[in-house]
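Pasting the structures in now, so scroll down.
Look at the two complexes coming up: chain A is in both, with chain B in one and chain C in the other.
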Partner chain A sequence: MTAPHEPASRGWTGAVRRRAVAALPPDKLLPDTQPAYMASWIYVFGVLTLSSLVVVLATGGVLALKGPAWWHVSDAGKYVNSLHLWSVELFMFFMVIHLWGKFFMAAWRGRRALTWITGVVCFLTSIGTAFTGYLVQQNFDSQWIAGQAKDGLNSVGIGAFFNVLDFGQMLMWHIVLLPFVLGLLTAWHILLVRLRGIVPPIGAADPAHGSPAASAPLPAEGEAP
Partner chain B sequence: MAVTGMPRGHALAAPVDLNGTGHYVHWGVIQLSVANLVVIGVMVVVFVLALLLPFPGGRR
Partner chain C sequence: MTRRRRERAAVPDPAAFPTRSYDLVKEFTIALVVVALLTAALAAVFSSPDDRPVTLASWSRADGADFTATAAAELGGTSGTAEYGPPYNHTPGAAQKLGPLGLQSAAGVRIPIDTAEDFVLRPLADAPQPPVVRVALAAWAAAPAARQQAWTKAYSDALAKAPGGDPAKVTGGGFGPVPVLVARLLDMARSGALDGQLQAEGKFYETDYTRPLLFLSDGSYLETLARAQHLGGDQWGMMNETGDYPGQAWLWLYTFWYQIEPFKSSGNADALIWGLMALLSLGLMLLPFIPGLRSIPRWTRVHRLIWRSYHRTADQPEGRDNSPG
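This part shows the complex of A and B:
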């Protein structure tokens, strides 16, 4: 940050830094207190999803480093392979409950539409990443899934550039392109959550603005707000 | 302690035999495996519990 007596830098790096610090000061980026309405288990599922994603990425990284001869044959390899699968299962499990919770509390209220949209796109990207993961298992299951999926994808014209029978292409989608996009979207989603704050329950005051949430029911005529 | 008369793999086997063919339920054009249906049911149960169970320290 620039000291009060120091002239502001005119370079683009200084401008970006000033905007970033103004939008997300450290106490907002890493808060140590949360609104009282967050004392509910339903608010835990976002961070459970994120924790599962960390395990998914870490185990996937180990699998990429050691290679298929390791994960198909050795005990340690099979164990890490199973960790990768089951952390994905938990990731999708927690993400769906997170999605239900946010849907029923209309979490797009209070200028949070982009937070909701990035979450939805994260969900869709995760389905694609899981799908390509099933395609690169190198077993009869992956052959069956690829054989079935090609007909559906060809029927809508996607097969021309997304060939589920091409193992190399599916592996690259699974370990490079989709995790990269999912990582970026997740980081964006979390920064938006920090920027706009956690959505309050319907009708409760938003601590960020000190007013009832955007879609809270308006008081009836003559009724005190 | 070794379990006598029972192979190690059997002692650690899943409570449901997963080596056979899968079980499916059908509603018209919708076909769903029982395994996926169980997972969806567990998700609904966990969702309801998350709404109903008190959060530790939440009453302060």
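This part shows the complex of A and C:
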């Protein structure tokens, strides 16, 4: 509902804005404080994953600007390709540490299961994106990887629709479809983190109540929202 | 019991806890600069691999015997691709199964390939040919299937027996027009013409490499090069790339299954491993709902290390921690 002093905004647009602002008011979307228990180097890996994704997209963007043939014949191009490769290696490395960190924190507690699930889907989508990247290098590696990977995909019927030997199709997946999906998933994942707040330590009592038994009935461990 | 359970289950609102100032934008900016610098350094030191692709021309020049044997198999319908099954063709019993589930057959033949026609006969017929080749093509077309098979089988066997698989050293006969057709295809491949022919098929723009890649994969030349680069399936090849680069290290689990029984020697290995990985991925996704697995974090107590500064204050005797043991 609209705040009392705010003129009622009408229509679909007003409704969407009201709901968005109610769910994530500016100081919850970009807070300048965090709970004091958020004090460990493990928290940095989410941000590192996000930063490397930005570098991956930027370097991939330069490769796209110049076209797929460029980096095979230009020294500058080769360096940009190396930037793209190494930012991907860092991205995956940081993400895996982030994943294990969140696992040992059981960070899906307290209506955060969807945060975990979007994270896992980000992980799987990233694997698919990296894989299609290897397929569109137009070099010996691509030839060999395509020849091998087709058997796995064909064996479960996927290869009939997703043809790893079709360079054009794989290039579209790699530079359009998968990055788009990964971008959306990542945004969703991070908005969910902001929406729920950073998960409190395992076994932490509610400071507002003094004793956890006093808290209202809460979902069981790991229960969905 | 219920009380204890509730204590464990209670996940308080983060907003109820004491706070400290935390600059998210500054953290992100620093992280971005650090990652960018780290990437620039790694790229400068290690570069990236880019081994030249194999072409039909480079293959036929480097290993004419392998090319000839492969071409004969494509013509006779006995190559890997010819007997592959879906999605390329209907070969009874070739499709893999996941238990009772035949997903490969269910998807159907959607990328139809007739190896004799697509890899050998059409490329020959589409190019201007000397009379001897035109006669050979006509002889092939006029012969019944059984005769064609007998010719290619006899020629393949003779090639296998010839020293070094060299077509020039083949003895015996009963090969019909096969040697002429295959030798001409080798010539075309060596001149580079076949690369263009297989890809273009009368078109100008081309982005689909299915046919030339399948042809290449049917020979043993590509695999020999790959094995020398530790890229074989039984060499953890799926996660490696050329040179000493980390490759797709995150595929380690997928690759792992191919190294062990019962997958290693199973004709359905691909389907079984894909099924297994799909199940494991689903398990990872639904981990928060799987009893036992979702409690591992609480048992392992790595969390005490992560949140040790919290516990330092909360675990005081007057603290209000109720961390269950």
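Keep in mind that, in the parts below, the second predicted complex is superposed on the first by the 197 of 225 C-alpha atoms of A that agree within 3 Å, B and C clash if a C-alpha of one lies under 4 Å from a C-alpha of the other, contacts with A are read in each partner's own complex, and residues count from 1 in each chain.
Definition applied: a residue touches a chain if its C-beta (ideal position, glycine included) is under 8 Å from a C-beta of that chain, and two chains touch if they have at least 3 such contacts.
If you're wondering where the values come from, they're calculated on a predicted model, not measured in any experiment.
By the touch criterion defined above, A:Asp206 lies against chain C but remains apart from chain B after alignment on the C-alpha atoms of chain A.
Using the contact criterion defined above for the overlaid structures, shared-chain residue A:Val96 touches chain B and also reaches chain C. In the superposition on chain A, A:Thr129 contacts neither chain B nor chain C. In the superposition on chain A, A:Ser40 makes contact with both chain B and chain C.
Once chain A of one complex is fitted onto chain A of the other, the partner contacts of A:Thr186 are absent, as it touches neither chain B nor chain C.
Of the two partner chains, chain C is the only one that A:Pro31 touches; chain B does not reach it.
Annotation for chain A, partner touching more residues between chain B and chain C: C.
Common to the chain B and chain C interfaces on chain A are residues 39-40, 42, 44, 96, 101.
Those residues of chain A that touch chain B in the shared complex are 39-42, 44-45, 93, 96-97, 100-101.
Looking at the complex, you find that chain B touches chain A at residues 39, 42-43, 46-47, 49-51, 53, 55, 57-58.
Chain A makes touch with chain C in their complex at residues 30-40, 42, 44, 47-48, 50-52, 54-55, 59, 71-72, 78-79, 81-83, 85-87, 89-90, 92, 96, 101, 103-106, 108-111, 113, 116-117, 120-121, 124, 127, 130-131, 134, 137-149, 151-152, 154-161, 163, 165-169, 171, 196-213, 215, 217-224.
On the side of chain C, the complex with chain A involves touching residues 3, 5-25, 27-28, 31-32, 34-36, 38-40, 42-44, 46-54, 84, 86-87, 95-96, 98, 103-104, 106-111, 207-210, 213-214, 216-217, 222, 225-226, 231, 233, 237-238, 241-242, 245-246, 248-251, 268, 270-271, 273-275, 281, 284-289, 294-298, 300, 302-303, 306-311, 314, 320-324.
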